[in-house]
Amino acid sequence: MNGLTSTRAAVLATFGESVGIREFPVPPPDEGQIVVAVRYGGVCGTDVHLRAGFLRVPLPLVLGHEGVGTVVTCGNGAGEDYFGSPLRPGDQVMWSSSISCGRCVACGRREPTLCLRRSTYGVTLGLADHPGLSGSWAGHMVLRAGTTVVKLPDAVPPLAAASLACAGPTMVHALHDRRPVRPGDVVVVQGSGPVGLAAAALSHLAGAAQVILVGGPAERLDLAARSGFGDHHLDVEGPDGPEPALAAVMDLTGGKGADLVIECTGSPPAVAQGLRMAARGGAYLVVGQYTDRGDTEVNPHLIVYKQLDVLGSWGFTGAHLAEYVNLLPALTRRFDLEKLVVTYPLEAADQALDDVEAGAVMKAVLVAG
Amino acid sequence: MNGLTSTRAAVLATFGESVGIREFPVPPPDEGQIVVAVRYGGVCGTDVHLRAGFLRVPLPLVLGHEGVGTVVTCGNGAGEDYFGSPLRPGDQVMWSSSISCGRCVACGRREPTLCLRRSTYGVTLGLADHPGLSGSWAGHMVLRAGTTVVKLPDAVPPLAAASLACAGPTMVHALHDRRPVRPGDVVVVQGSGPVGLAAAALSHLAGAAQVILVGGPAERLDLAARSGFGDHHLDVEGPDGPEPALAAVMDLTGGKGADLVIECTGSPPAVAQGLRMAARGGAYLVVGQYTDRGDTEVNPHLIVYKQLDVLGSWGFTGAHLAEYVNLLPALTRRFDLEKLVVTYPLEAADQALDDVEAGAVMKAVLVAG
Amino acid sequence: MNGLTSTRAAVLATFGESVGIREFPVPPPDEGQIVVAVRYGGVCGTDVHLRAGFLRVPLPLVLGHEGVGTVVTCGNGAGEDYFGSPLRPGDQVMWSSSISCGRCVACGRREPTLCLRRSTYGVTLGLADHPGLSGSWAGHMVLRAGTTVVKLPDAVPPLAAASLACAGPTMVHALHDRRPVRPGDVVVVQGSGPVGLAAAALSHLAGAAQVILVGGPAERLDLAARSGFGDHHLDVEGPDGPEPALAAVMDLTGGKGADLVIECTGSPPAVAQGLRMAARGGAYLVVGQYTDRGDTEVNPHLIVYKQLDVLGSWGFTGAHLAEYVNLLPALTRRFDLEKLVVTYPLEAADQALDDVEAGAVMKAVLVAG
Amino acid sequence: MNGLTSTRAAVLATFGESVGIREFPVPPPDEGQIVVAVRYGGVCGTDVHLRAGFLRVPLPLVLGHEGVGTVVTCGNGAGEDYFGSPLRPGDQVMWSSSISCGRCVACGRREPTLCLRRSTYGVTLGLADHPGLSGSWAGHMVLRAGTTVVKLPDAVPPLAAASLACAGPTMVHALHDRRPVRPGDVVVVQGSGPVGLAAAALSHLAGAAQVILVGGPAERLDLAARSGFGDHHLDVEGPDGPEPALAAVMDLTGGKGADLVIECTGSPPAVAQGLRMAARGGAYLVVGQYTDRGDTEVNPHLIVYKQLDVLGSWGFTGAHLAEYVNLLPALTRRFDLEKLVVTYPLEAADQALDDVEAGAVMKAVLVAG
């Protein structure tokens, strides 16, 4: 560690108040741990909820569950990444945001995302959780034993990797494990935020014949189009409401609907719309309803009459992060990922949160250094 | 045909009016056709809808899409059943209710149940469709080329086979193709009509650790229990409404919910309840919402948070009928299928329809002979 | 039909002898039939076997199971293609090579490729099978009721469509139904004939991270590389035998082997090699062992130790052909399909067969007219 | 621990020599650990190989990777079993034989059985691995953090649980994850040792229409039949070799072969036979080829012509053990599991190994206490 003694971190001390910058000593890594220097710490809707106090998490808390950084020191037994490559100081890496318990039914039945004993950096691991430095909005972090760590391929710009740090693995989970895109599929993506763009990007990569991005507002759709996401862009936030866009989907699909509809909005009424846009024999992948916003009206007959697969997908694991990293060379060749990101210095964390809350940016990323 | 010249059939001539008995000549079978003597013609909720005029079907119409009968004469090229056994006069057989086109996307993508060109005995094939005699509420029927025909195993009483003639293959489709029961699964079945009982029976056969039947009224649940269907029986039609039953499901599953919930009610609000009863990582098989009864409120967050598979299943094919017949020896060994049936003479078709509409019988079956 | 009275066709009259050209009247189409003018009739290894008499087929026989052509006249009830588009004279179409029975276990269990009652144009349907004209090595063909017919997208050159007429749908079956490529997969393809090239092309389209083509001789690999198939090309027919190529696969995969190995050689010893090249947890898709060439030595421990999926795939259906046609716009954008083809006039059918037998051409196609 | 100071264990000190009994202090459990009193320690073919020195494992080694026992003391953080039930001293439990790393591709891609960093009680964890007592052939064991522990249901006799302690979870892995039995399937099991009987038992539970057990010698098949395993029993070790048994399988299946063939023999030539006994469209689950015994001759054309799924399955995880325990009430209701076991005192470990090696017993179990 060459005399390194301290680092700065953005700390949430009180729900509903500003995030403050504090200074902390950087400990040496214990058995299985890795100390990383954070280069980019992503800002998510979850972070907005945390600041507002909507989730019960331990305070004070260093925020930040997404990150790209550089290996500083590896503890004993932590010298390899997920793919078995040796880890050395200076290597650029990403890491999983959560650690599952590995010995419950959820973990054993192969859905560690459902593990009730998961701990999550920047969310459930507070300052009091030894050895601290558990969030990516900081100069340094201590990655716990059991964290999935993956080296970035050389050709991938770290900022591009940060652009879909949460959305990318979330959609890898949904699309690799829950309902893969089949070459030739017509795909509708509901939502034009990062999760929607990740859905579109992975659908393109997997050979979709047509990707129809249904979202808004217009500037978001423009940014998506300019960056390579989607073949068609339909605005559901226009003055006439969503109906013209829904009708356009049916037109584009010859009246049949889409083979696969991917919900990435978080808005309950989107579900009724998605069920209408799916073709008979098609699938509806529900990814965006991450927060409980209560009931919505749907027509359950459509599920039977169209014989749909309606599939939820919750979070992601280290394996999904690793597969996202594995796809980054292909993603960066085809899409302009860096164009999606607006960076902020660590001190501007509150501004970044405000901008995310207002939908003013596609993806906010904090730069610690 | 030994001089056979005529047969009787129950004919719907005008929507909303009584079914009448008429006499018809029995034609010899053309290429690929089989003439059968019907022994039992099942009565379904669909038939109630047909009499009421809720579906646009050709009139006049010999009703009856379900049947068990005896081979009278096989046309050229129709001498084998689905499993390749020779068919001979006197053989007891069942046959598929529908014929798919075999050359559309639905048929080609392997979901012939979604074929838009399907023709269905007793529903879309009217008297005017050559050669007529297209419903099972009759002494004789002419099975068209392309109909799946299956011989009944010797040990199976024909009335037992008739008990789940529609419900059995419907659930074979749902459980063999859409979401199989895994040995050790805890299964909740919503609905205690024939489809619910078929769901329970197939779940038992497949090694479910526990089958919880949630339905009503009490007499139906009693009949189900006495006939061997379900390990627990919860009444959602009692004076306190469904909530106590839903709470009991959570108690019986240690607070976790069921691995698989199977909806067999046709009642839209059941869907919101079913989503609540499924465990995280579980599946919800929606089979009962066959008729469009409009919207209902559900919480879409549950689909994501629990990472559910919500799977619709529509109708069945001849292959599913054949697999039902193949399971009949095991089903009759374990369940008292004949106890589910009330028989009526062909002349009492209207009474049978009234009793089905009133829910007064579990399964009504017409006896032509 | 505007006075059309006759067409020419290449007829095999005696096993082991030359194919001769004969003249036939073109009948009007019956119910469900379509008369097409054949533009390209593909030549396959199967045709070489037919001429040699290795298969028991009815003689005399118009050869040709693969074709691209133009609609001349549609019979009653045959006015739509598989996707529901209207068919009109002059439309460019492809058609399925086989018709399954639709009412046996194979057809019902959704594997019509295994149907024992299949009839195949140019193979099992001889001149004596009414109405004749059942092979694509002819100016005209009569497509039977039940044939899957698909219109070619406007942008697709018919010769490009003909290049993988058999190999493309064969690999669609294997890769869409048996073991899909997952985005990020490392894929090894064994064999550099048309089936191998189709495997490589579909793997690229589906987002494979790396496609390693293992085949030979060198000119075939060069043609494959120049036409866009494969990222790496390894020659197993070189003077040192296959071992250097196998070692190179392990090098290219970091010693782990491939996620998916696709066998497209037809050579039994390739199977032992393929099992060695698959990674632990990987899959081995066996497509090429179409002909029974007897036993070969394999190490069955590898199947268990690596926990492999070893999956056979047999033939294809009309649905697979339709999905191939559906992918042709994407395929022609990315690969130079026409470069794979050498055309011959109908009179040179024997020369084409000789060249296919000698491996002198990648794909031979007859031009009828 | 109430003054407990020591326990006895069977120790392999030198390859090829006898197992000796030694005395060890029982340490208190560290964080995450559980000290158990072993009631039954199973003996496996693997143990025979270990004694013979066929595997490189650390010596000295307390043998025994299978066990049933009683909780003595739970360390901090180890107070719950896999299903979330509290663990208390005196509870009867089983535990997983191996612990995977949880952070490699195999673990992340959901096949922890393929993890190269697995540690296995009684195999890779020697006396020198802190805190020792790592094998079940002992009075006590220390279960490491990360071990899956499952309470036995009250109704299950511990000796019954021990009967298939390794074979049961091995087949749960194969049949729940790799290729489930479908209700109505005709299943052939090759091999009549514990793995074969577990395959038969789970196939019965899952609703197989018919289970044909192909093995030998005659006494083993008799024991299987008397204990409830299999509907038909065919001897492949008789004087006429395996051919009559293979022919009998075809007779019993109407010439079609089995929907599922499960290989549980460990003998390479069984693989060629299994491929012959599978039906077209069927599956071949290869479980027994655990040890590399070199090449064998197979006909690879059968994999394509029959379009088989040939699926390897390797080992099992804690989740599979837990699902086995979950099925034990159903298994003990239907099969006489205790009849399969011969018990030996700990001192007779060498005799037990000799008997297993000679095939003289179905299942040998050591009794420590």
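Letters A, B, C and D name the chains as they come in the text, with residue numbers starting at 1 for each one.
Here is the rule we go by: a contact is a pair of C-beta atoms (placed from the backbone, for glycine too) under 8 Å apart; a residue touches a chain by one contact, two chains touch by 3 or more.
Please read all numbers here as calculations on a predicted model, not as lab measurements.
Undergrad: Listed by label, which chains are in contact with chain C and with chain D?
TA: Shared contacts of chain C and chain D: A, B.
Undergrad: If you line up contacts by residue number, which pair in A-C, B-C or C-D shares over half of them with B-D? Let me know.
TA: So the equivalent interface, with over half the same contact pairs, is A-C.
Undergrad: Can you work out the whole-Å distance between the CA centroids of chain A and chain D?
TA: Their C-alpha centroids are separated by 40 Å.
Undergrad: Centroid of chain A to centroid of chain B, CA atoms only: how many Å?
TA: Here the centre of chain B sits 44 Å away from the centre of chain A.
Undergrad: Mark out which residues of chain D touch at least two other chains, giving numbers and ranges.
TA: 84, 109
Undergrad: Which residues of chain A touch chain D in their complex?
TA: 82-84, 102-105, 107-110, 146-148, 317-319, 322
Undergrad: Spell out the part of chain C that touches chain A in their complex, as residue ranges.
TA: 175-176, 180, 182-184, 202, 205-207, 209, 254, 323, 326-327, 329-330
Undergrad: For the complex, which residues does chain D have touching chain C?
TA: 106, 109, 111, 113-114, 178, 268, 271-272, 280-281, 286-314
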